[in-house]
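Going in written order, the chains are labelled A, B, C and D, and every chain counts its residues from 1.
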Amino acid sequence: MSGLKWLEAEKKLFRDGQTFNPHRLEWIADAEASVSTAVDVSATEALVKLSGTLRKVPVGIIGPREATEAQCALAEKLGAAFARHGLQLVCGGKNGVMEAACKGHAEFGGMPVGILPDEEWQAANPYVAIPIATGIGPARNALIARACVALVAVGGGVGTLSEMALGLQFNRLVLAMHDAPEVKGVDRYDNIDDVLERVALRLFTGK
Amino acid sequence: MSGLKWLEAEKKLFRDGQTFNPHRLEWIADAEASVSTAVDVSATEALVKLSGTLRKVPVGIIGPREATEAQCALAEKLGAAFARHGLQLVCGGKNGVMEAACKGHAEFGGMPVGILPDEEWQAANPYVAIPIATGIGPARNALIARACVALVAVGGGVGTLSEMALGLQFNRLVLAMHDAPEVKGVDRYDNIDDVLERVALRLFTGK
Amino acid sequence: MSGLKWLEAEKKLFRDGQTFNPHRLEWIADAEASVSTAVDVSATEALVKLSGTLRKVPVGIIGPREATEAQCALAEKLGAAFARHGLQLVCGGKNGVMEAACKGHAEFGGMPVGILPDEEWQAANPYVAIPIATGIGPARNALIARACVALVAVGGGVGTLSEMALGLQFNRLVLAMHDAPEVKGVDRYDNIDDVLERVALRLFTGK
Amino acid sequence: MSGLKWLEAEKKLFRDGQTFNPHRLEWIADAEASVSTAVDVSATEALVKLSGTLRKVPVGIIGPREATEAQCALAEKLGAAFARHGLQLVCGGKNGVMEAACKGHAEFGGMPVGILPDEEWQAANPYVAIPIATGIGPARNALIARACVALVAVGGGVGTLSEMALGLQFNRLVLAMHDAPEVKGVDRYDNIDDVLERVALRLFTGK
């Protein structure tokens, strides 16, 4: 139970006498919120309802450049799911898992942001819509971990591990899928729907 | 004369037997390019024609947090002009010139990216659509300079000066408007249309 | 067997007809190297012999700010051992394991370098001889991992884990002591002498 | 007049009933400071008196890689002057002005620190004693500006200009020598002695 309610007439999300501000991702006290005609929604359903008005706060998909077919297939589906639910994908902008995630995201109307280690934007994979060249090499992992409110690892070696550890250090939600490295404090998910609900819960409740 | 030609029937930009790939921002040899019905276009006109298909390569507006009304008014118009011409605004995401630029950009359908010095995205000004928190403080100036293919300074003190200098060091196009700092190698522009044409020329020809 | 030989008369380290250049940390072909009077030395012994002429290439001690007594006691001994063997300590410059390592290093004549997350050098622990304020927050972990040829973790949480992962990504030698996080590819050592020999071997042979 | 006094018997620097703590670079209230036998000293003289006990807070020499003979000659003298007065040189660790400064510093017993743009320490010039590889490219300019309490530019182009601007942004003392870029708020010095006195004054008084 997410505790979230949707009022279709006013296109508003609320809970406990608070209304959600989708641009600031904050709950505002709202005594007048009329609850009677509201319906319970999951965090994922709320995402879809607010899609279009929700601030484009980055959510990351991280993983290896040299990726297996299974990793890429999963990353592509995950990137697509992000786009269909209005989540803003940010990733490292290179190949493998990153490219697959961008491909899925772009195909469903998303505008994938790639934070590149390279000096020039041309180093981005072809599905990156907004390339951010940093020129600082793998130290850009710290930027990805900082920029995203949640990070989902799909497989990965030491680079991905560093992003997961930095994410935890920055109090980001960090989730593992498939064969992502084992890290204490990181829960593993088998299912994209569960990942979406968990990420949405973080956005709506900070949990 | 930009040397650019537009073929409306094929929605293609070309020059000298080359066709422009708007996603890769590259010219491709194309012997069959039928020139007869093409019309001369300025770089700015080409921007508008390709808007929607052009890769969202960042263009920066830089300037002070503590900005004058004149600086803010100009920055807002410039941000709006970027959006109307399909240019992707990237800025520092804070107040003053940055906020004004984002406001103008967002009002005309742009999705302003703010590369923040802060640790959390909430520190962005309210018009930033995609906030990128870096947590690295003013060192993020180097990231803005690197990420953008062109930087337009509207006023500014030492922070802006550092971005202009870094931009030159990274071979970015750096332009000055209004009372931006004097820097050797940086041309000053009085007019937004001229800035657009100059930036578009850089995108299309690398000049 | 390190394969290293020391010729006291010429104060030279050599092996297989090569002489070691302690400033460049490189082996130079040297056919005239007279082997007859040379003695076998361990890598640790070679360190001591060359102490004073060896380039001050950084070696890191990493670990938590909030450290146990056991972690601090070990870090202090390790820092001291680095100083007595001519190794240049680099660390994060803050408290806990970092401060203990600096204390031990400084007491034996070392000049600990602290690469600080903070904006001002005054944030260094009192034993840091050369404070390097970065102002980039925990992203400085990437700098420590890059700057050091070897990193020894003494305990640690997610911050230390990120440094270990980044160290592996940068092909640094990464060692774990005490209760440092488990990371695939990182060997665990119980004994400071073994750590010294392993680090020295990296410096002399790249292994 | 620096307002500084030296008491040889106690090897102490004081002023106005305060004693200077050379490790913390702070003035401590000290009512018992016996002034009668103290002598007035310049800030530069105080540097020499405290050399050996003064915390090794970085002072930077910045300038171009492709340097003129005149720039290199000046940088070498300046680096040497730093070493003779106990100042810790930090620079970019590459060639030209940086190498000349390191050469002068090392020849007079200094241990030059080089904060390198490169991924590996071997990219340092041969006079760097403690190489700090960052792997972040020219963005390391921001680190040099942050790490140093004072920066002296000897010539320079856009790279040096960015360091000067960042230094001002971080409230560092920034001085220009020879043909360093003109920057508002940066005083120009012709004379190494005057630079030393100015830098020492910053260390002792924060001015």
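The rule is short, and it goes like this: a contact is a pair of C-beta atoms (placed from the backbone, for glycine too) under 8 Å apart; a residue touches a chain by one contact, two chains touch by 3 or more.
Predicted, not measured: the structure shown is a model, and the values here were computed from it.
Engineer: Based on which chains touch which, give the shortest step count from chain B to chain C.
Structural biologist: Counted as steps through touching chains, the separation is 1.
Engineer: Which chain is most remote from chain A in terms of Cα centres?
Structural biologist: Between chain A and the rest, the longest centre separation is with D.
Engineer: Once you find the CA centre of chain A and the CA centre of chain B, what distance in Å lies between them?
Structural biologist: A distance of 27 Å separates the two centres.
Engineer: Approximately how many whole Å separate the CA-defined centres of chain A and chain D?
Structural biologist: Taking the mean C-alpha position of each chain, the two centres sit 46 Å apart.
Engineer: Using mean CA coordinates as chain centres, what's the chain A-chain C distance in Å?
Structural biologist: Chain centroid spacing, chain A to chain C, equals 38 Å.
Engineer: What residues in chain D touch two or more of the other chains?
Structural biologist: 119, 134-136, 138-139, 142-143, 146, 170
Engineer: In the complex of these two chains, what residues of chain A are touching chain B?
Structural biologist: Within the complex, chain A contacts chain B at residues 23-25, 55-58, 88, 90, 111, 113, 115, 119, 121-122, 126, 129-136, 142-143, 146-147, 149, 170.
Engineer: Which residues, counting only chain B, touch chain D once they are in their complex?
Structural biologist: Touching chain D from chain B are residues 138-139, 141-143, 146, 158-159, 161-162, 165-166, 168-170, 181, 183-185.
Engineer: In the complex, go through chain D and note every residue touching chain A.
Structural biologist: It is residues 119, 134-139 of chain D that touch chain A.
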